[in-house]
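Notes follow the structure.
Each chain gets a letter, A, B, C, D, E and F, in the order it is written, and its residues are counted from 1.
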Amino acid sequence: MTTPAVSRFPVPDIANLPDDIRERILAVQEKSGFIPNVFLALAYRPDEFRAFFAYHDALMEKTGPITKAEREMIVVATSSANQCLYCVVAHSAILRIRAKSPHVADQIAVNYRKADITPRQMAMLDFAMKVATRAFAVGETDIATLKEHGFTEDDAWDIAAIAAFFGLSNRLANVASIRPNEEFYAMGR
Amino acid sequence: MTTPAVSRFPVPDIANLPDDIRERILAVQEKSGFIPNVFLALAYRPDEFRAFFAYHDALMEKTGPITKAEREMIVVATSSANQCLYCVVAHSAILRIRAKSPHVADQIAVNYRKADITPRQMAMLDFAMKVATRAFAVGETDIATLKEHGFTEDDAWDIAAIAAFFGLSNRLANVASIRPNEEFYAMGR
Amino acid sequence: MTTPAVSRFPVPDIANLPDDIRERILAVQEKSGFIPNVFLALAYRPDEFRAFFAYHDALMEKTGPITKAEREMIVVATSSANQCLYCVVAHSAILRIRAKSPHVADQIAVNYRKADITPRQMAMLDFAMKVATRAFAVGETDIATLKEHGFTEDDAWDIAAIAAFFGLSNRLANVASIRPNEEFYAMGR
Amino acid sequence: MTTPAVSRFPVPDIANLPDDIRERILAVQEKSGFIPNVFLALAYRPDEFRAFFAYHDALMEKTGPITKAEREMIVVATSSANQCLYCVVAHSAILRIRAKSPHVADQIAVNYRKADITPRQMAMLDFAMKVATRAFAVGETDIATLKEHGFTEDDAWDIAAIAAFFGLSNRLANVASIRPNEEFYAMGR
Amino acid sequence: MTTPAVSRFPVPDIANLPDDIRERILAVQEKSGFIPNVFLALAYRPDEFRAFFAYHDALMEKTGPITKAEREMIVVATSSANQCLYCVVAHSAILRIRAKSPHVADQIAVNYRKADITPRQMAMLDFAMKVATRAFAVGETDIATLKEHGFTEDDAWDIAAIAAFFGLSNRLANVASIRPNEEFYAMGR
Amino acid sequence: MTTPAVSRFPVPDIANLPDDIRERILAVQEKSGFIPNVFLALAYRPDEFRAFFAYHDALMEKTGPITKAEREMIVVATSSANQCLYCVVAHSAILRIRAKSPHVADQIAVNYRKADITPRQMAMLDFAMKVATRAFAVGETDIATLKEHGFTEDDAWDIAAIAAFFGLSNRLANVASIRPNEEFYAMGR
């Protein structure tokens, strides 16, 4: 058994990164106490790094009818369907913190249908999982079901976009074998 | 949001259980500090309870070339493929303790191909997952691959039997919505 | 073409088996006129043998709202979905005898939706097949559908447990390539 | 429970059929002692009936390196994958007769990988099943594997065409719920 | 990159074909300005050629409540699900001409649920796709849904038979790697 | 039949868009002669629009060992697997132009295994399709296969990132029912 690296692709030296990327990484480190490996792995491609985190922030830092904790629920459920180790471990940590719940992330990762969530959150995850696995079959009936649970059309876009964006993230992390930082496993438990 | 019960089926009062079952349950409680819910849920059917735990012990309490920790790896990997909340949460706890590793269970639950395990353990899980999901296609080639990693035919039976037994357990726990005890989530982290 | 053995794993000599197992096997032989190969194949592991048949009897020898013939219908339908040669051939024989029908087993094995069964039996098999193939998605709606056909919650457990138990049996029999005895093919036709 | 009809679509009166179709049906009845229901069901559409049986005969009445019994093996294996009750029951009868074997049809219907067939026949069925289920992925590698077992390119066409033709037949029979004649179940056992 | 041939199997010289087949081929050439490759590829087997085109004409040259353009919609949708290059390219051309629409074929080939078709045509394609991919599960509910859209039972047969026949055609064309004629790509655009 | 809109979500008036987005859209219109609908549909969310196109350009406007035409091959193959109408139609047009080939896009969209492409391009698409459909199983063997065809590790990232990015794009376009502009269908034929 060898210790896997941060990524199976080369990881650049932080000192050599473009200023904006280095600053973003140092800011995250300052806030979290460590550098989440996805930042180092994606820094291999600065332009993709910038686009990735801009997209991420537009979807995940938003406030509105769907809370930040609920956004993380979508990430954990769909990333588990895509079997993405980095995303499930890292975002389970964030979900535990944002939901102030030590258990809901593990529940959603294994089988969201059995998780301690509200019927509205269940409908949100049903929709997110359909986007993640069979988006070609999503239609007006699915949006109507969301509306029955109080979601707006704007919320539908948010749910779909988060599921779609992490579909991208999950595929990259699986191909690059991005390793979750050890810090994530116990955060928020 | 309501707190789910131990099981969606009736849970008998321990005082009214047959002696052997009550004693087994109290022994587990003494050892663990709590009663794992699967004991209470299956006590609904005493004869099935006895057969279930006899089978379980024959496969999981055994020592040999496949360690107890490795047996739990099989449980976690296949139970995750079957999306069984109780089994993944409970056996991840046992795996963390038996492997003296706080992270390997979460890794195996999400994507065993990316876990920090040996090539021999990877071959073991490849075989277990084929038994869990496509046993009809298992053949001599699969056994030969196990042998290349040092497993015997007897080990092949063990791996297959554990995957098959937890296939039973996973289905029961999903139908009964057996709820993992809260104690399991943090054990061994 | 070579004649396959009883099992791809070693089959113990009956004379050397523990008394209780030898007696059970001889009793079956006395009753049936031959020893069904699953008894010989599983005798390779005495403790597992005992647990397996105790579980089997608890589920299959029971009487109640679900008849013994109907229990065999569940076995044939789910074992066919799992492509288990031994289980389909052996339990088709038992189903023919218990249902006093020469054709229903073959119908259920190929496509239970086209079998000559009652709507109540069809609902029973729909549920059993969902347990066999997608137990993670079983929920209260499925139980409610069973109730519409007159099944109780207790019956739901029975159906699920039979489907789950034979999921175990099917996987073992496929890995061990347990060969159906020739006697089974024509029984009850 | 009601007795299903020959077909869920109207079945014409033999007396009113075009002469060639009536004669073909009467010839089959003379030879077999009964009229296989597929003849009555397809007579609903005389032009399709003629094309169907012309195609059938071109593929199934042919002699050559692939025997008539082997052709029926292809039908039974692929029709089982397509869950076609009529085709599996009727062609299992024909296979039993042509192979002079009471058991091989049931074995192939449940799991051809476990059947008492030669490695050459196994390769034939592997190819046929790929054509039945994932023809889009068939390529030169598959043909090369057939050749290693002594098949010619001409044989490859035969195997593929039989699998493809019964893919048509299976779909029609499932949509029309064509019922197997009772005579088929016991023939050749 | 080499130019693929008409078919991976031998293509006979037209001059040596049986008269009826040569005449059919020359008639098509006269009408279309070229010989569609499926005619050349299938001429390798004259009896199968005759049955194939007799079947084709019975289903596709028919007039009735389902127009010829709608019949081609079924071909394009199901052939795309089966990933058949020849059938999608050739029948998209025919669909463009028969529907007098340059776009609907491409829409149906990619995702018929998003195509500019009527709700009645959507129901027709939903049924056809179920026949193509899961005919074993087709039942009276599916026929009832068709009737809600104005289809008769006779129409249901037509839709099913077209989906089933092209399931045959798609499998043959994929195994033989039948190459679409270049003329088809731009026809009707 | 009603004419579908650009998107099922609101489409903003170009005049009211932020300057940078309006300018990008007008620049595309100037170059192409029309505004591809994906620009209008995504303008509903300016921040996501900016991140999306920055990501797109980083991957698709790049030159290197993988040509721009080859990048479009990846988009067409994976978008077809995801059944994304907008992406297949729009990027087939771009592929026809970049590859100077009127046929290769249709071939790849239906079944890339049958397309007129080089073995190196086939290996590229095999890898891209695995990323699109089963990224969790991508491993070092897949990268090694790419290298046998002359690809570098850097190329592997490119292929994976394009497949992953369009997995995002395909899901958004399917949920929003983004309609391909009519201009795309005939471009480059």
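FYI, contacts are C-beta pairs under 8 Å (C-beta built on N, C-alpha and C of every residue); 3 or more make two chains touch, one makes a residue touch a chain.
Values in this document were obtained by computation on a predicted structure and should not be read as measured data.
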item: Equivalent interface positions on chain A and chain B, same or different at half; value: same
item: Chain whose Cα centroid lies at the greatest distance from that of chain E; value: B
item: Computed distance of Cα centres, chain F from chain B, in Å; value: 43
item: Distance from the mean Cα position of chain F to that of chain E, given in whole angstrom; value: 28
item: Multi-chain contact residues (two or more partners), chain C; value: 83-84, 111, 136, 174
item: Overall pattern in which the protein chains touch one another (line/ring/star/complete/other); value: other
item: Chain-to-chain touches, reported pairwise for every pair that qualifies; value: A-B, A-C, A-E, A-F, B-C, B-D, B-F, C-D, C-E, D-E, D-F, E-F
item: Interface residues, chain D side, partner chain F - complex; value: 136-137, 139
item: Touch list for chain D against partner chain C, complex; value: 1, 3-4, 80, 83-85, 88-89, 102-103, 106-107, 109-111, 114-118, 174, 177, 179, 182, 185-186, 189
item: Interface residues, chain D side, partner chain E - complex; value: 8-9, 44-45, 47-48, 50-52, 54-55, 57-59, 82-84, 131-132, 135-136, 138, 140, 143, 153, 156-157, 160-161, 163-165, 167-172, 174-176
item: Complex interface listing, chain B residues touching chain F; value: 111, 113
